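So, here's a batch of structures to check.
Next come two complexes, and both contain chain A; in the first it sits with chain B, in the second with chain C.
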Partner chain A sequence: MAIDIGQFVQTFFEESLEGLDIMEAGLLALPPGAADLEQINTIFRAAHSIKGGSGTFGFKEVTDFTHVMETLLDKMREGQLAVTGEAVNSLLESVDCLREMLMAVRQNTDIDNARVGDLQGRLTQLLERKGAASGTADATGHRGPVASQPLPPAGGWLIGFRPHLDLMHRGNDPVRIFRELAALGDLTVRPDFSRLPRLAEMQPEDCYLAWELELRGDAGHEAVTEVFAWVEDDCDLSIEALVETIVPPATGKTAAEEPGQGELLLERRGGDRRKSDRRGSGAAADGGSIRVGIDKVDAVINLVGELVTTQSMLSALGVDFDMDRIDKLHEALDQLDRNTRDLQEHVMRIRMLPVSSVFSRFPRMVHDISEKLGKRVELQISGEQTEIDKTVIEKIGDPLIHLVRNSLDHGIEPPGERGTKPQTGIITLNAYHKSGSIFIEVGDDGRGLDRDALRRKGLDSGLLRPGEEYSDEQIHELIFHPGLSTAKQISDVSGRGVGMDVVRRNIQDVGGNIQIASQPGRGSMITICLPLTLAILDGQLVSVGQDCYIIPLLSIVESVQIRAEAINRMAGKCEVLRFRGQHLPILRLYELFGAEDAVTDLEKGLLVVVEADGRQVGLFVDDLQGQQQVSIKSLEKNFRRVSGVAGATILGDGRVGLILDISGLIRVNNAAM
Partner chain B sequence: MATILIVDDSASMRQMVEFTLKEAGHQVMVAEDGLAALNLAKGAASDLVITDVNMPNMDGITLIRELRALPAYKFTPILTLTTESTTDKKMEGKGAGATGWIVKPFNPEKLLATVNKVLG
Partner chain C sequence: MATKTTELATVGTHLKREATTAEGLQYLTFTLAGESYGIDILQVQEIRGWVPVTKVPNAPSFVRGVMNLRGAIVPVIDLRLRFGLESVEYTKTTVVIVVTVRSEQGGRIVGMVVDGVSDVLNINNAADIKDPPDFGTAVNTEFISGLVTIEAEMVMLLDVDRLLSIEEMFAMESIRGVDAARATA
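So, the complex of A and B:
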């Protein structure tokens, strides 16, 4: 039977990458000097699994590299090798290297052999330095044959097999051994009853018999030994060439062929199969996969069950329907509504992953960078079990890295400059759910934003007007403008051209927004607000002329009717509404989208006050329609990107409605002014 | 066909072994560590146990010892999954009562050949 093991490669990659995360976390938590046996064991186990899997799936480079790591870890576990900072760092680098190797194998690209070789050399050096390399567990594991030298091939073998009494206690069975030998040649079995006790003394579980076996044929010595491999410690065994048979020269090849065949097999394993595996894995990698807890799947199955029940209820009602049963119909439709909503919610949940998959990379990063910068930093992570849509998770990794780097580089002061604060700086990563959104906070107790420097930069670049008063929020907002970095010198860690503007854009791309709060000398806190999911949105439908637009419900502050006397016309053509003590810019949607037959008199329509990135504007619309959940279809995929529009959806009556992107609209409006 | 208990903490290994044995018509029980396997074993007998050695919660060696203490598993063949580098593990397994071992890496054909060898 030919079984394609390529189908399991995807699982192997997933569990190996998880294993690497475990190794990394374990290594970071390993206190130098004192060997925490449990911790080392966990790390060892992860390495061991990767090695076993990569061997099975034919990724030889990975197997070889992991083998060295595993040997080193084994020595640490056995206490033969000290847990030094150097060893831990080398292992951490090896984890990175292994991760890259796995990615390369997965994507069928080349492995960086120079790096692998270098690290492998360093690990070996560590091993050798402790003199631990001698007699490594490296040996191929072939226990020598029972006879110390391989015997000359013969026309057959005479085997003396005298099991110990307890041979069968380990599940071994002499009959199995005979069966196997019989497959190798012509077998004659001669039992030896001499050990058989009297019936009364006989223990039914013990093996009293012994045998003399004569195997004729051209089976090699190794093949015969192999049959007894599992029991060689459970018996007295002798394997001798059948002397009375004349050895035909032709059979002399057999033994020589044996290793040859072994090599051939190995080569095939290393060559052909790996190639096909790689192809298979490459294809699988493209699709992407997700690990889902069984409880989530069960919940969906459960709900589908309920849905089926509702459906059959409705079917039954449909047969000979009369108006008397209208109440029943309503009831069933309500139930359908409930089922659909529940099902939707649970299906969405399948896509949700704990944010820990992103957070877990930070301990290592903070460890490395703080060391490089000579700062003392403690990373505090909380809420890592908060679940976020998989797509969002994939997109927020880079922005978060940037934010944490910023905190490390610019936020936390070097020791000695922290005044009365503890010398060890604290960076916090926190995630939580609140009112239908996910919040992620990146905080530090460092020096905070330099308000004066920012203000100067703002004035220099013309973003701020001289002489005007600006709130802290407005000043802090400046860090999100392209090309506005207050870092006095560009360092290796951050300030490499990727600015906060890119961070903000990345966050906005997944429908989120970002805000910063900062106090001089006390630190900064950046809050990212993300939608629970990218696929469905709670929307407020509004009408503008003949068209219908959807405003994300989360961004709506309130909707108001306008009195003409509350409106001021500013220089240029910008209209503002005096509203709750502030001036609210008015955006006429019909103008923006060129809608016909729309209400143009401000007093006759409605103003929907929306907020994004800490700023509010009023969107002027004809009227409000219902609120509903809409599924988001990408406009970019089907048309092109339109600023101010986040996507489209198909409405209940079949029309297409555009979903407004509030931050985009505010930017468009600002640009127009 | 036979009922076989598979114990491995690696999902890809479990999947591969399970798939291979099911394809060959065997009934398969799966556990992801020794503890889970022991609980399964207490509820059902099997004709063969194939277990990894390095596992969290309960390792393969302990599992074998515990299984041998169960009347239903006293003579059941138990094979360990082991890498070539850990020769002493093979022996440790034997010491605990394992019947034999399957050396990693292995392919489905080799696995089936070994299983058939044991089951006869």
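So, the complex of A and C:
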């Protein structure tokens, strides 16, 4: 039965991280004071599966830590522990801590034991305080007629003692422990036989039993732990204050047993494989995987089926083809065309993830930061089911965090300064599809951009000229310039003036753009427009000499024929075209790329007007060819980055075509001027 | 043309198979301006006939461009130009040897244009490979891992990993750019 569970480790991590997200979301949605059973149950289930999984793979620290969280959640579920803000915050911190632990285990680095210990201690404290809380509840409520003893441990301890198989190899004797415990108070011992294997498989020196011990009396927590000091490392130990005696037996049972069974299960599988598993998980580097809905896969399979049909149709046609059947051939080719396009679309869809994977981190962030800043903020999220390419999702996470932080720090006013607006500020996150692109909006109803301050800054830094009038857009545009911050105070949240330019660069790197709209006193709205996917773009083929280049269709403004009298030379070298009231620099592509046999007479070729970073230039080409969707291939993989070239693609005739990087070309041109 | 490529490709895989079974080392030899060179056969992916490639702007002169190798974009290097030799017209017999260049960042695939492929050289005794002396060929001796003499003919064994590494290629260009400009003028 040698199943290598190492191969599932990766899945465990993914699922656990998902579980943590669920827990976090659940905790944030938990209204303080009222125990929303459904919500707590969700959180509890997530914690429980992490515990079970970590046990299976032998990540003991994780198991132990989750166990404490789980116990706490269980008490909440039972209504024995109030859902206080403090408890929720501790649990949130625990979620963070657990995430770090998982990461540490995954990367085979050390776990921050001090932090784990500290949090575990706080959780246990909460648990212990519950003893008193439930005591008062009992006095007033229906649970028990008699208030329990007023002693701190509320009458005693419930000890879950599950030795590891090899406990007895180290010379430890459970009976000795029981004897010592019996000296501390009134002891009841209940053995748990569930781990017992069949007689034939039993190793005489192994310890298969587990025990549940009930110790009544006034012994302190420390005294009890002390008894187990020698076996701490060889068993799974839980010491809880004894409250089960005063709750109805049915619920008491679930509390004690549910975690217990999880433990048993994993103990049997874990064992001595523990070490090798952990090494295995380290070696299995993060290859990057996506979970794909089965419907998406089915759709692809269906399309492949259709493609196969078309293929057989075509090959049947090819066997004895004559011109009479040319119509049939065209029909089949059309069908092939349709199939390929559909297939392409559906395969791309596999790479798409809902944007909620990015949005989901914001409730927590807003919760934490608004608390820190002393502001009251509500986050409204919509459109989180909008799907975006995985690569794009990975790249927009940081820019979005930055934008939301900005809104929190600069946008939303502190309470009392909000005038007639509701005291609770609103930050909105919205995502939607529109005309082949994805739009993400980050908005707030705060104070908006300070136009005058921006203008002053712009004048100071020489970006604006004094005496000239600028539109709101031009002024707002300034926040994307490096080193420009209007925040009066630099906080650790934001305000250093590095950021918005980086945000814009990041967005542009994935082929998107960013715009800002703002009204003083009413708030601002930042809109990010992103391409659906990075792997495919709509391109315009242009010919330059014998070469063929692809210009991304999105950046093309128009194509024009030039008349010589409209051309001016600046500084003798650089050519500009007077065009629709502005001066358009001309880039001769054949010069830039050293193409041979190209058209050099400006009147005989075409000028493709392109735009990037808010600037326009005219690219001089021989002629326009067709438009087509091209899949972007990397030049860097086997070669290196080439300035002015975004990538390459395979053209219809099997040759390689280079895709132009418009903003790169404009940059190169500016540097040359 | 397609059939030719396939045939050549089959030769390539055939050679590879032989290399793994045979004892000792095997080198694919080719000619360049009358001289014989050898490269480790395990680094040879396939041998193709020359087809026009797509030029890449702002690349060193010896980078002829990029070609489509079953969907991958692969740079093609003219080895004559790489060594600073006089370039010749490409003919029907001009071949591209597709090799894997190993680097710390992983393997890269590069095509090399050579005058012609000659033979497979078996070297059973590693002692037959002599250290390259510091002689005045056009080739910088640091790219030559050894010399073998077969029937009075000398074969230079090339260290492809160094010769075609990105760093080397572009370091060379900065020096050679001046010469190239002078040569074309």
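Just so we're on the same page, the second predicted complex is superposed on the first by the 427 of 673 C-alpha atoms of A that agree within 3 Å, B and C clash if a C-alpha of one lies under 4 Å from a C-alpha of the other, contacts with A are read in each partner's own complex, and residues count from 1 in each chain.
In the analysis below, a residue touches a chain if its C-beta (ideal position, glycine included) is under 8 Å from a C-beta of that chain, and two chains touch if they have at least 3 such contacts.
Small disclaimer: the values here were computed from a predicted structure and weren't measured.
A.B. asks: Applying the touch criterion given at the start, work out whether A:Ala229 contacts chain B, chain C, both or neither, answering first, second, both or neither.
C.D. replies: First partner only, chain B.
A.B. asks: Who does A:Asn89 touch here: chain B (first), chain C (second), both, or neither?
C.D. replies: After superposing on A, A:Asn89 lies clear of both chain B and chain C.
A.B. asks: Please indicate which partner A:Gly657 is in contact with in the superposed arrangement: first for chain B, second for chain C, both, or neither.
C.D. replies: The answer is second: A:Gly657 touches chain C but not chain B.
A.B. asks: Touching A:Gly594 in the superposition: chain B (first), chain C (second), both, neither?
C.D. replies: A:Gly594 sits against chain C, while chain B stays out of touch.
A.B. asks: By the touch definition at the top of the document, which applies to A:Val645: first (chain B), second (chain C), both, or neither?
C.D. replies: Second partner only, chain C.
A.B. asks: Provide the residue numbers of chain C that touch chain A in the complex, in ascending order.
C.D. replies: 52-59, 63, 65-68, 71-75, 108-110, 166, 170
A.B. asks: Which bits of chain B are touching chain A when the two form their complex?
C.D. replies: Residues in contact with chain A: 9-13, 15-16, 19-20, 23-24, 52, 54-56, 68, 74-78, 81, 83-88, 90-91, 94, 97-101, 103-109, 112, 117-118, 120.
A.B. asks: If we count contacts the way the header does, which residues on chain A are in touch with chain C in the complex?
C.D. replies: Interface residues on the chain A side: 547, 592-595, 633-635, 637-640, 642-645, 648, 650, 654-658.
A.B. asks: Contact residues on chain A for chain B in the complex?
C.D. replies: Within the complex, chain A contacts chain B at residues 1, 3, 5, 7-9, 11-12, 14-15, 42, 44-45, 48-49, 51-58, 63, 67, 70-71, 137-141, 143, 168-173, 175-176, 179-180, 205, 229-230, 233-234, 269, 273.
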